Each structure stands twice: as C-alpha cells, then as structure tokens.
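For reference, the structures are reproduced in the following blocks.
One chain, chain A, appears in both complexes that follow, with chain B as partner in the first and chain C in the second.
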Partner chain A sequence: MDSVKKEPKEYKKENPIGLFGDHLNAIATGLKYFAKPQRITLKYPEESIRLPTGYRGLIRLYKDVCIGCTLCAMICPADAMKMMTQEGKKLPIINYGRCVFCGFCVDICPVDALKETGVHDVAFSNRRDLIFDPDKFNKNYDVPFTGVVRKVRAEVDEKKGIRYVPDS
Partner chain B sequence: MDVEVVPVTGELNVGPQHPGSGHMRILVKLSGDIVDDVELDVGYVHRAVEKLGENRNYMHLIPLVERPAILDSVHMNMGYVMAVEKIINVDVPERALYLRSFAAEVNRIASHFYGIGILGIFLGHSTSFMWGFGDREIWVHILEALTGARVTNSYVIPGGVRRDISPSIIEMTKKAISYTRRKLNDWKKIFFNNPTIRARLENVGVMTKDQAIAWGAVGPNLRASGVYFDVRKAEPYAAYSKLDFDIPVYKEGDGYARSMVRLEEIEQSMRILEQIIKDIPQGPILSERFLKQIPPTRMKKWVEGQGRIVLPGYYASFRPPKGEATSRVEAGRGELMYYVMSDGSAKPYRLRMITPSYRLIYVFKNLCKGVRYADVVSIYGSLDYFPPEADR
Partner chain C sequence: MDFISILRFYFFYPSFFDIIIFPGLILFAVILLTAIWFERKAAARVQMRVGPYYASKRSGGFLQLVADALKFVFSEMIIPDQVNPTLFVLAPALLLMISILPFAVVPVSIIPKSGSIFSPYFHDFYDPNIGMGVLSGFFTQYNLVLVLALEAIYPIFIIFMGWVTNNRFAILGSVRETMLSVSYDVLIFMATVSLALEFHTLDIAQIVQRGIPGILANPFAALVFFIGMLIGSSRFPFDIVEAETELVVGPATEYSGFLFVITMAPAYIGNFIYSFIFVDLFLGGWLPFTGLPGAAYTALKAVIVLFFSVFMRSVYGRYRLDQALRGSWKYLFPLSLFALIFGMVVGFLWIA
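After this line comes the complex of A and B, so read on.
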C-alpha cells in the first residue's frame, strides 16, 4: 500500500447556470454524431471478417502427421476430443457441440497435426454432424471465395475506433 | 363496473428473465413508490464451478473458471493460475508478468465500458449503451489479436502466458489509447456531465465509508465510498509493483461517484498500458522449468518464430505437491479471491472462488432499502453487478 494516502476526491456539485450549458453540451455532442455518424457495424452476410492468424477458430487435423499420442484428448477441458482407432491407428475425433475453442489441443500437439483455421461461423442442421470423425476432421474449412461475401479486415483506427478495410 | 384499485403496498418481480446483465430475480416489496425491502433471488446462472473443480485437472479448470465472467476472463484466469503457481512453486519470468498486466488492463477497460453501457441502458440512455459496447469492441479486438479469442481468452497458464506481444499489437494499442482518450471527452459531455444522468445518479444509493466496510463492498464500489483499497496496491501481483498508477477514490459513495471511479480507472488503465509498452523487458514468456521441456525444433519454429508457446506434455495432467494456496487479484469489479487445495493428485481437492459480484449481493440488498422504485435499476447499474459472476 502507498505510504501517502490520497484524500478522496469530490465531484463538482451542479450549479444552475452550468446545468444549462451541460444540457447544451450533451445535445451538441449528440448532434455532432448525428451529422457525422461513427458506425462500426459489420454488414455481416455481405461482409465477413478475415480473422487474424492465430485466431482460435475451428480446428483441423492432419491425419498423416498425427502420431496418436492422445495428449490432445488428455488436455481437452470439455471432453470434446476423443481418440478412436481407425485401421489400427489412433486418431482424434472432435465433437464441436462440446468444444470451447481454448486451443490447448493445438498447442500441446507435439507434431503440429492440429491447426487452428480462421473459420468460426459454421452451421449444422443436425447434432450428429457436429461430431467430426478423422476423415471429416482432416479437411480444411476455408470456404472458397464466391464473390458474394466481401472479406474485410478489422483495423483499429484513431478516428473511428474500428475500421473495416477490404481484404485483398 | 368496478375498477381494481392498485394496493398501497405490494410486491413486484423484477426478472428472473434478464433484468440486467444476467438472470436474477429481484423481489421488490413496495409501499407506494418506496422500496421497503428487496429479496434477491440469485442462482439462476449457477454453474457449480467449485464442485466441477474437484473433478477436473488443473489445466481443464482454466477455461472453466473464466466462464463466470466471460467479459472479465483474464482476471478470473490469472487469479486461479497464481494460486496454482504457488502450489507448484514456479517463478514467472518478468516479461510474462508484464504481459499478464497488459492483458488484464485491456480487459479491465473492456469490462468497465461494458459496465457503463449497461448502466446507460438501465437509465434509458441508449446512446451510452451503443457507445459502451462499440468502444469496448476496440479493446476486445486487441485481446483477440493477442490471445486468439475475443472473450474467454485462456491466456494465462501456470508458469507464464501463451502468446507473446507483437509490434502490430503495440501499434494497435497506441491507436486505441489515443482514440479512447478523445472519445472519453465526448463520453463526459454526453453521459457523465449530462444533467439528466446526474439527476438519476447523484445522491442515489449512498453508501458511507463505514457501511461499505461493514457490508463488504469491493472494487470500484468500495473506492467510491472513500476507502483507499486496491489489491494492485495492497498486495501487488503481476507487474503492478513496477508500474505507476493512481487509485481513484471518491468521497460521496453514491451512484455517480461509482461511475466516476470507473471512468477514471479507464484513464489509469491506459496510463498503465503506455508504461507497459515502454518498459516491457525482453526475455522468455514461460518459466525456464517448462521451456526446457519443449523440443529444440519446436522451440525454434513456434516459441522463437511466432512468439507462441507450445505446451510441453507436462501440462496434460500434472500432479502438484500437497499444499494449499490463496491468491487475490483486482478484477474489473473488485477483489477476486481463490483458494486452491491440492492433495497430490491431478485434480484439486478443493477450489474456492470468491468473486466480486458475490460480495455485492449484500451491498445491493442494503442499498435498495428506502429508495424509490425507479432508483433500483440505477443502483443495480451503478454497482455493475453481474449475476453469472456472483452465482459461479
């Protein structure tokens, strides 16, 4: 604790003349943003964010690289990842209904057989589809560019806060 | 036709469907417009973190302890990891300590903007709700770049942190600080100095210094009542002993003072971030003890190449020695305490988690006595009470 204790501050109590000015100030600020809106809304279905590298999105498996050491299944906090035997080889399967995207499995994999992809917006029509067997888990999720969705990057901007720039 | 006369006394249910920032029922006993008593029915978002803690191993608990307060997850995570580190007796390198403080302060700003936004919408000021969540987005974006997730970062692990800071994140933070400093001026004009807001907050829910201590208030609510207490100063953890910052303390103890403390803490947090950016030492971000367990090829590729820790197999299921530890951190809403007891197995024997919102239940109940009904929401918002955090 600091040896010098600071005296608690007191805020200024209002005075009637200042009150009017404060009202005007609040309205003027509102008008300022009315004239020059500072929108950071992402028009989602038309625009979609290109997630930065290292983003903990959906995970994919490299089946040939995996050595079946079961470390990923051991560290999984949600029991989403389990091991199964396929053609005599142990391989992980993942249940995205349970996954919390902590990325521990990716970090602990000793041979980099698991990778985080930059995809997090997926939908499933069936709960059984959420369980990815090694063959399904082995694919990349990156959706091919169709031209309908504009990919944008979010950038911190000094004036606007968040700015979306088109991703080339 | 008979007209039913509204009784002079009665009860009103506020909630349980999301009266504010989580599910909770407030049973308000009214006589006329004056609140006689409130009955807080908490526990709708109870997740049994403490009981689950006895059935999970130490690493599994990191994402779990974050869940009670997802928007304040770095603090939740850090407090737990600090307790575990005391049991396994590991030293954390300097750079990792600075990075912990960095993530924690970014998270504190995001959490306070969230709190102010919720307070705004409670008072019917929807501009501040939009602004609060919009300005929070920038800080969440920095956390996303640093940790890989917007919330529930799971960033702090026993022995260090998971990822290193990059020059682009530092650049981003500088821009965010300069933006937020400018935006806070407009915040003051439209919200904090706005007479309509002041009328709703001044002299509402006044908590004197003695009451604040007796009722066990923590964090910004305690400091707004004139008590100079902050865990970052009282028992410095992470890099706070080397950083220079002030603790805003107000005398009044009303809703406005609590909001002003939050506003000034945002300013102080940005001051801390600037110092961290300037002073952060070079070095490893994980304890040497674990770092030497990483194979050299992977060390070169991930840790040195991308500033990203790859976990050695130790973490999958480690067994700490027998022992117990407590840790305290100053979370966004106040003091957060953990007690972890190890019996030598891979799972903790006992995990106790005392969250700041848990302590606010009693404060909230006492503050509501004798106020007007419309002030209940004002008190709720100004306390920044977060039901999931209280229920755990």
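After this line comes the complex of A and C, so read on.
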C-alpha cells in the first residue's frame, strides 16, 4: 500500500514523440478549420433570427381599453411602470431603463390593455427617451432601420452545429 | 553621368533599397498591418467567427487595421507622473530600432555580375565565398554571427522598457522576458550553429548557394529554430511576456496612443526578420532566382513563414512560464544538441 505514492505532476513521465504528434494533430486540426471554416456567426444587422410568437419584447398599451386600475404598476417588480393622469384618466407609463421584461403587467391586466410586441432590438441615445409616456406607449415601437433584414431561422445541423436557413 | 542616372544609382544602392524600399521598412509596415489582420481573420475562421468585417467588406475587413492604426495615432499619449519622460518616450523607439537592426545584415538575394538591376554594385557587395555579390544592407562574411548578436540585444531593451515605465505588470513581464530569452536564445543559437557546422561556413549566402535547403539537411535544427522563433517573438503558445489575461500587456502596460503601436510592432518585426533567417537557412532562400526576383521570392517565403507563425494563435492557448521553460530546456535543448551532432555527421558525410 505504501508503495502507491502519488508523484508530483511536474515529474510524470511523458512521451516526447507522442507529445510532438499531439502538437502536429492540433495544428492539422487548426489548418483544417482554416481551410473549411464552419462559421456560426449570425451577421446581425443584415440577418436576424425570427422570434417565436410568444416572445416578450417591448410592451405596448391600448389607451382606449385601459381602465386605469393600477394593477400593472402594483405588480411591477422593478418599479418600471408608474401611473400618470392624462386628461382626467389614469394611464400607465413605463421606464425601459428599469423594465426587466417579466411580463407580469401583461398577465395581470384585467382588460388586456397591455400587449407584448416582438420587438427587442432598439437603441436609445438618451435616458430620457427610455421613459414612454401614454401617447408614445400607445403605439408599436417601430425600428427605424432602412437596410434589408433577412429573417433567418436557426437549425441544428449534424456537421456544422448551427445553420441559418432563410425563413419565409 | 546625368542627374537621373545618379539618382537611380543611389536609389538602387542595396544599403538603401534593401533596407528602406523593398524587403525593408516599407514592406515591414505593410506586412505588419497584414499580419495582424491575418492573425485576427485566421483565429476567427478557426474559432467559427467572422473577424474584422465591416471596414471594407469586399477585402474582408482589411481596412480595420488601418482604422485601428489611425485611432491609435490620434489618441492621447499618457505619460505617468513618476517616470523619466525622456526615457519613457525613448524606450519604444529604441526597441523598434533594435528590432529592425538585424535586417541590415540578412542577405535576401545575390547580385549576378551582369543582367540584374543591382549589377553595378557587384564589386561593393562581393562575397568571395560564393563569387557573387550579396544583396543585403551591409555585407560581412560572418553575417550569421552578426545576425545572432544583433538579435540577442533585443531582450535587453524589452527589460529597459519595463523598467522605465515604473509599473509592476511591466516589471513582471520583463522578468519573464529575461527568463525566456535565456532559453530561446540558446535554442536559436544551437540551431544556427548546427547549420554553420553542417555547411562549414558562417556566411548565410554561402549556405543558401549550396543549393540544399536546410530543412532537408537538418530537420531537427529547423524545428528547434522555428520554436525558438515563436518564443523569441512571443507568438502563441509562448505569448508569456505580454500575457493579456495575467499582465495587462507586459512591458508595454503604461504605453498608450502612438507609443503603444511602437511597442506592438517590434514583436512582429522580430518575427519577420527571424522568418527571413529561417527562409535563408532552411527553406532554400532565393534559389533559383537572383537579383530583385530573388529578393521577392525570399520575401514571399518569409511572409508565408510569418503567417504560419501568427496562425498559431488560433490553435494554441498560452503556456505557463514554467511549462515553456521546461519544454525548452528538457525537450528542445537536448534536441538541439542532437541537431548539432546530426549536422556535424551529415556535414562530414554529405556536404563536403
């Protein structure tokens, strides 16, 4: 039993020729991938993945449907949603700087006045723009992008890993 | 002689043309940007990414490096409080100068007695060993020794740079460089000495003119030299001196702006000059061409060797310092001794 002593790792026997073979193998693998690259990058602004239907993106308000019950502001875990009075009617406003996109407000709304849109890729140049007042909150947020976006779908491929096929 | 022919004479004078124009500084500047671009693109290809792309999509993002260089040139150079500003600014410039210096004695081609654009300089660069002129910035018969001597100065200036910046990351990087430089200088020295013994000369031009590529005559020396080259110019997997995840950028930590570009260049230039020596010693150099085509052929092969050595970034991670030292002293140093004896035997039997 006492003959079984664990040797320090630094002194373990290595086969130099085997090590050299391993290095050659590594370089050959690198060259193989260099010759036939298997890129899985999504070239984002030109092509984007089509999102599933239940995707929780930005939230929009239907101002005419809202009854001003303040449930959404009460359930909001991040204090993103607040109520404000506009022309004598209570309406929610949202601060996307705080919103965590949990969707509780949409779930709790008794009259379905809030809805999740599938838009998530937006950018703001100013923190004040992150606060949506009821008029801005009342419409779908349009992404002002002029280029051509190809919608693609990710597919698991046996050889490549991930492949992007155009989504019709 | 009229004015044009005088100008032409001095323009094509090898000490100017070879050092400044063609396989010299201008090519180095282009190759520096191309090599960094290639390094990023090759690593991206292997790692399933795309790499630089949006700056000039048609050329695969080649202008990204130009944009980076412009950005560095116009960003602020911060000089820390507790350093000597003169030495602080001087250190990268000295390092760059020392890294380019060995190229002055590396022969890139030969000058035939007539027919070449360099033929007027045949007698000024005459090499009695091969009976031809040698296209290099400065010709001596012992250029192999001189190249090694000039390359051996380089680590001292890295240590100098780490020392003047008064930064502990820089000091640690310099200490690593001291430890590594002992091992890689020994490897490169043994590999070249085994070639010198094998070909019975200390003249690189004569080794090339023998017509036997060194990689066939002594493959062990070629392997040892290549790995020594990777360690010496801190390419992966021996990116130990400027290990970005451990020491910010090693000796160049405190440098910013244009000074940082100057600190980044010497490693690539050193690698490129080592590639020239590797091509001359092991890959047949300029044969079968002479004159300017020979220089172009040597430069092309050197660029391929440089690209292969920057390609290592995509394959390897970084060795620890002790792993690199152990590898170089335990495996490569005995191999270089074997290459020495192998070179002596083969040189005695085959290359009389």
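In the analysis below, the second predicted complex is superposed on the first by the 113 of 168 C-alpha atoms of A that agree within 3 Å, B and C clash if a C-alpha of one lies under 4 Å from a C-alpha of the other, contacts with A are read in each partner's own complex, and residues count from 1 in each chain.
Heads up, the rule we're going with is that a contact is a pair of C-beta atoms (placed from the backbone, for glycine too) under 8 Å apart; a residue touches a chain by one contact, two chains touch by 3 or more.
Because the structure is a prediction, the values reported are computed rather than measured.
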*Could you tell me if A:Lys43 is touching chain B, chain C, both of them or neither one (first, second, both, neither)?*
second
*Between chain B (first) and chain C (second), which, if any, makes contact with A:Ile108: first, second, both or neither?*
first
*After lining up the shared chain so the two structures overlap, which partner does A:Val65 touch, if you call chain B first and chain C second: first, second, both or neither?*
neither
*Return first, second, both or neither, reflecting whether A:Asp22 touches chain B, chain C, both chains, or no partner chain.*
first
*Which of the two partners, first being chain B and second being chain C, lies in contact with A:Met84: first, second, both, or neither?*
neither
*On chain A, which partner's contacts cover more residues, chain B's or chain C's?*
B
*First, second, both or neither for A:Val149, with chain B first and chain C second*: neither
*Of the partners chain B and chain C, which touch A:Val165 in the superposed model: first, second, both, neither?*
neither
*For A:Phe34, select first, second, both or neither according to whether it touches chain B, chain C, the two together, or no partner.*
second
*asked:* If I apply the document's touch criterion, which positions on chain A are contacted by chain B in one structure and by chain C in the other?
replied: 10, 19, 26, 29-30, 33, 38, 40, 161
*asked:* Which residues of chain A touch chain C once you look at their complex with the stated criterion?
replied: 10, 16, 19, 26-27, 29-31, 33-34, 37-41, 43, 161
*chain B - residues contacting chain A, complex*: 56, 59-64, 127, 134-135, 137-138, 141-142, 144-145, 148-149, 152, 154, 162-163, 172, 175-176, 178-179, 183, 186, 189-190, 193-196, 198, 202, 226, 228, 233-234, 246-252, 256-257, 260, 295, 298, 306, 308-313, 315-317
_Looking at the complex, which residues from chain A come into contact with chain B?_
1-2, 5-6, 8-11, 14, 19, 22-23, 25-26, 28-30, 32-33, 38, 40, 52, 54-56, 71, 74-78, 100-104, 107-110, 112, 116, 154, 156-162
*Within the complex, which stretch of chain C touches chain A?*
42, 45-46, 48-50, 53, 311-312, 314-316, 322, 326, 331
